[in-house]
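In the two assemblies presented below, chain A is common to both, partnered first by chain B and then by chain C.
On to the complex of A and B.
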């Protein structure tokens, strides 16, 4: 991070805090969870590569403070029978879809109400977000990464080893450990559980073209990045984030996994000035 | 004899290979082996956990072989009281051993367990094709990939995960070995073992208790916390040691997963009769230590002769004793004293100066203190001291070594200035010196650790022995010379 971009981020923070105050003004449809607004701003993604690329500008959006829970997804399924396990088409979700629920309409012991929902396909996640109304959708990778770069005090905590260690701790624990409930410590935006709980779908997951063989960075048709987690990345310390991208890029939209859930965003049109 | 037999079996293999090559399809005629279409029913490959190796293949034809390998991320012990979340092929580190025959068509199924957090793939070094299979096997948790390859080259090959960050996947234990047997098979042995080295990087120090997380910083800096055989300290020691009997042939498939270190593989107390170094076709004989590159493997063979515990180490030896790279092969059977006696003597050793007649020195010292030291007491004490200090070079008989160490026996040098002789002892002597008509040009170190009494006694002994002129050297004379700086001495010669 250069000094210039640091001062830039200071501005973003103040704007972000301002937006946060008006975040509650986003119209609620049938949404159980809160959303907070994230002001438009610029963000240097890990996807930028080695070359000095200008940070991407990210338009304003409002993001759910926490991942969608089993309770919330059950409500959704009850209102939208077509998304019940057993009813859903195989082209929209694989055989493992919601298979940790006791029945298609009942959570059971293996799925606590406040745990984040998992075993959901991209299609199902997208449908849930659309049902949130107001143009709800899955966040883009850039939106997700931007919010995930924050810790409790900084909008961009990526240079902080503690931030990275927090992410890596989760990678070093086995899945057999019971999934925690949503509601972890909020970051500076007021958003919870970006790290350390689950993987999350993003809208453009299939544009995160990690080569199936991650070492082909020398290939003429090389993709956005790959490079053994080191070479093609702007900052090799970002490998913690890279691993999330690697996971997303291994998936198809119908796939579900035991660690993969989602949250939604709502676009903020212009926003109050 | 052993070597000769190995050579014969090798020659037989070459012959077989040639025969097969003659019957192979024209497109692959240049590659030895039989590469026709797979024959018979598809065969499900037997996979084994380390240190076990699947049974030898007796099949005489190329077949379709189905390999089903499951990736599991699981917490296991890396050292006593220390656990680590390993990423594994088949639930073990190293991963399951795969054995196929050259020319086989291998249908490979990579399954990623639903509880996995990470996507994984596999690069088999025994595969000819992009990524060694990695481009075709990128698999999300709870999913399965399939690809097929023909095993063109025989040999022992490493396989590993190649998902970004590759180093981390490898450092977490994602590697194993695949053996592609030559069509004629391998020479029969009594034991086959599967041993694989790897380096591990934990946030906590070596043997720091509890669940340890991976440390990327240490991995990039190549500062491993652990260097291990078969994924855990103690994986192959104690109850889990490899076992064999005397007079058996042992073959070890030894791989090195890395991610960083190169292994200097050595078995303490054994000499490898045969090593297929780098896993290639050349066989080296009589090898003490063989280098196994990261992402490489070797086949080592030896015959057990003498019972006992043989320690497998990475001879970059701090890794063995401070990072865990240590395993045991326990060989049972009758002793073979003709080859190795075991301990024949266990006696106290005190060095030359601790001989019983050191009492002569004590006597002389006591007499000197009383002021009634006799010449004979000096000679007796000097003889003992000479043995301990001077005889190493000048020899016990005072003859010295021709051209290297001047003689003290009948020495014209000694017959000259006594002060010069004392100075030589105290200050040493270097450069040219002529003794009894012969020139010597070497270095005598200063013997200033000897006290005045000791020097006097030694010289008195020397002057009264081997035809030298006799007489006494006193402690005071030595003291006087010691007081003079050793400056002008060299000019005398």
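On to the complex of A and C.
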């Protein structure tokens, strides 16, 4: 019931941002209306598959330059009443969903328009992204991690200890600090706020660490309850990324937290420009 | 580093739980947990019903349906993939033994829905072949598939984790889930390969509560 107005969302959005965003598949960075294209490329994820030693190839996609804000999410809720606080199904969002807003359709003082939206479930975030246009969705972990590896001048700043330390500093900040607005310094792709503002949902949050291993080895009864074989983390010193994985893999899709928001990706146009 | 994580208390404790479970590596087998059950029949989809989400599926005979087609009777639901040589046959076995462990009047009457993780390989033909090979009576067994996006959503709804590995296998949570007639999750068990007595009791109770 909640999700049956998809064609409506598609219509609403297709007249908006989306028509402007794609079309520029060309090189690494092409800017337009809130999304930038990230060209296909190889990336060595910290989350190596158990047998993968080679970098993963990541197809091209276009990512929002900043996380979705309260203002943007409010517009979405107004167009899609089923996602209003109090109307959303309990299997799609928990009881804290959007509870920092004054009313289901009004932000109030505790939710500034340009702050990133938080207290949103995975289902709600996914629904917002689907409404961004055909093929809209949350980024995969691999897409998110690849963009998050960049600093202002390098696409892969991960070996830089100073950069790592800077990110870790944020993790140790108390949660009582008021969230900043979106719009921090852009990285080399032109994407902002990958670190230092909020945690972000990814499309495959429930694929990061799988607690039960279903492969055919070992004692079956033990096997089912052992997770040791399911993960292999390549870069154990990259605590900042490991903490993201730990958090995301501990979440259920209905969960909301005061620091968890999202951004979206859309497909990059493949046709001739 | 100061230990205040940038998450809510609940989130932080879950992270901690995760870290602990990594350290321990193995946790005690989970047995059936009864979720709070209300057995009031509703005409519209109740707020805690998984039928709130429209999930398009195709079964082993190529018939298209949506998840809420299961509405009206309690049902057992799980996720699997046909290429799984080891754990998935044990899931089938657990379902079969759950059915046969029920009291005679409801034995082999609880609908079963198994949804594949493998959207690339598990076509209706492959699912049909598996049903034939394992002698799964299609009056109660539905083997189904969806597209990639909706498979991920269904897993999220059922709190099932899965990850495709490079060789075409999947790591996944193995769990049997009991839905009441309105699509509320009222029980789950991680016991596979055999029937979990506590889970069988829950199934029997649900069937009794909704008997015609």
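Going forward, the second predicted complex is superposed on the first by the 209 of 273 C-alpha atoms of A that agree within 3 Å, B and C clash if a C-alpha of one lies under 4 Å from a C-alpha of the other, contacts with A are read in each partner's own complex, and residues count from 1 in each chain.
The rule is short, and it goes like this: a contact is a pair of C-beta atoms (placed from the backbone, for glycine too) under 8 Å apart; a residue touches a chain by one contact, two chains touch by 3 or more.
Predicted, not measured: the structure shown is a model, and the values here were computed from it.
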**Message:** Tell me the contact category for A:122 with respect to chain B and chain C: first, second, both or neither.
**Reply:** second
**Asked** If you stack the two complexes on chain A, which partner ends up touching A:203: first (chain B), second (chain C), both, or neither?
**Response** second
**Prompt:** Taking the superposition as given, does A:171 touch the first partner, chain B, the second, chain C, both, or neither?
**Reply:** both
**Message:** According to the stated criteria, A:162 is in contact with first (chain B), second (chain C), both, or neither; which is it?
**Reply:** neither
**Message:** Which chain, chain B or chain C, ends up touching more residues of chain A in the combined arrangement?
**Reply:** C
**Request:** May I ask you to decide whether A:137 touches chain B, chain C, both, or neither, giving the answer as first, second, both or neither?
**Result:** second
**Asked** Does the superposition put A:90 against chain B (first), chain C (second), both, or neither?
**Response** second
**Message:** Per the definitions at the top, what is the overlap between the chain A residues touching chain B and those touching chain C?
**Reply:** 168, 170-175, 199, 210-216, 226-228, 230, 243, 246-247, 249-252, 255, 257-260
**Item:** Residue ranges of chain A touching chain C (in the complex, touch as defined)
**Value:** 1-4, 49-52, 89-92, 122-123, 126, 137, 168, 170-175, 199, 203-204, 206-216, 220-228, 230, 243, 246-247, 249-253, 255, 257-260
**Item:** Residue numbers on chain B that touch chain A, as the complex places them
**Value:** 73-75, 84-85, 114-119, 121, 123, 130-131, 134-143, 162-168, 211-214, 216, 220
**Item:** chain C - residues contacting chain A, complex
**Value:** 1-8, 10-11, 14-15, 17-19, 21-22, 25-30, 44-45, 47-50, 52-54, 84-88, 90, 149, 152-153, 155-157, 159-167, 169-174, 190, 192-193
**Complete:** Per the touch rule, the chain A residues reaching chain B in their complex are 96, 168-176, 199, 210-216, 226-230, 236-237, 239, 242-243, 246-247, 249-252, 255-260
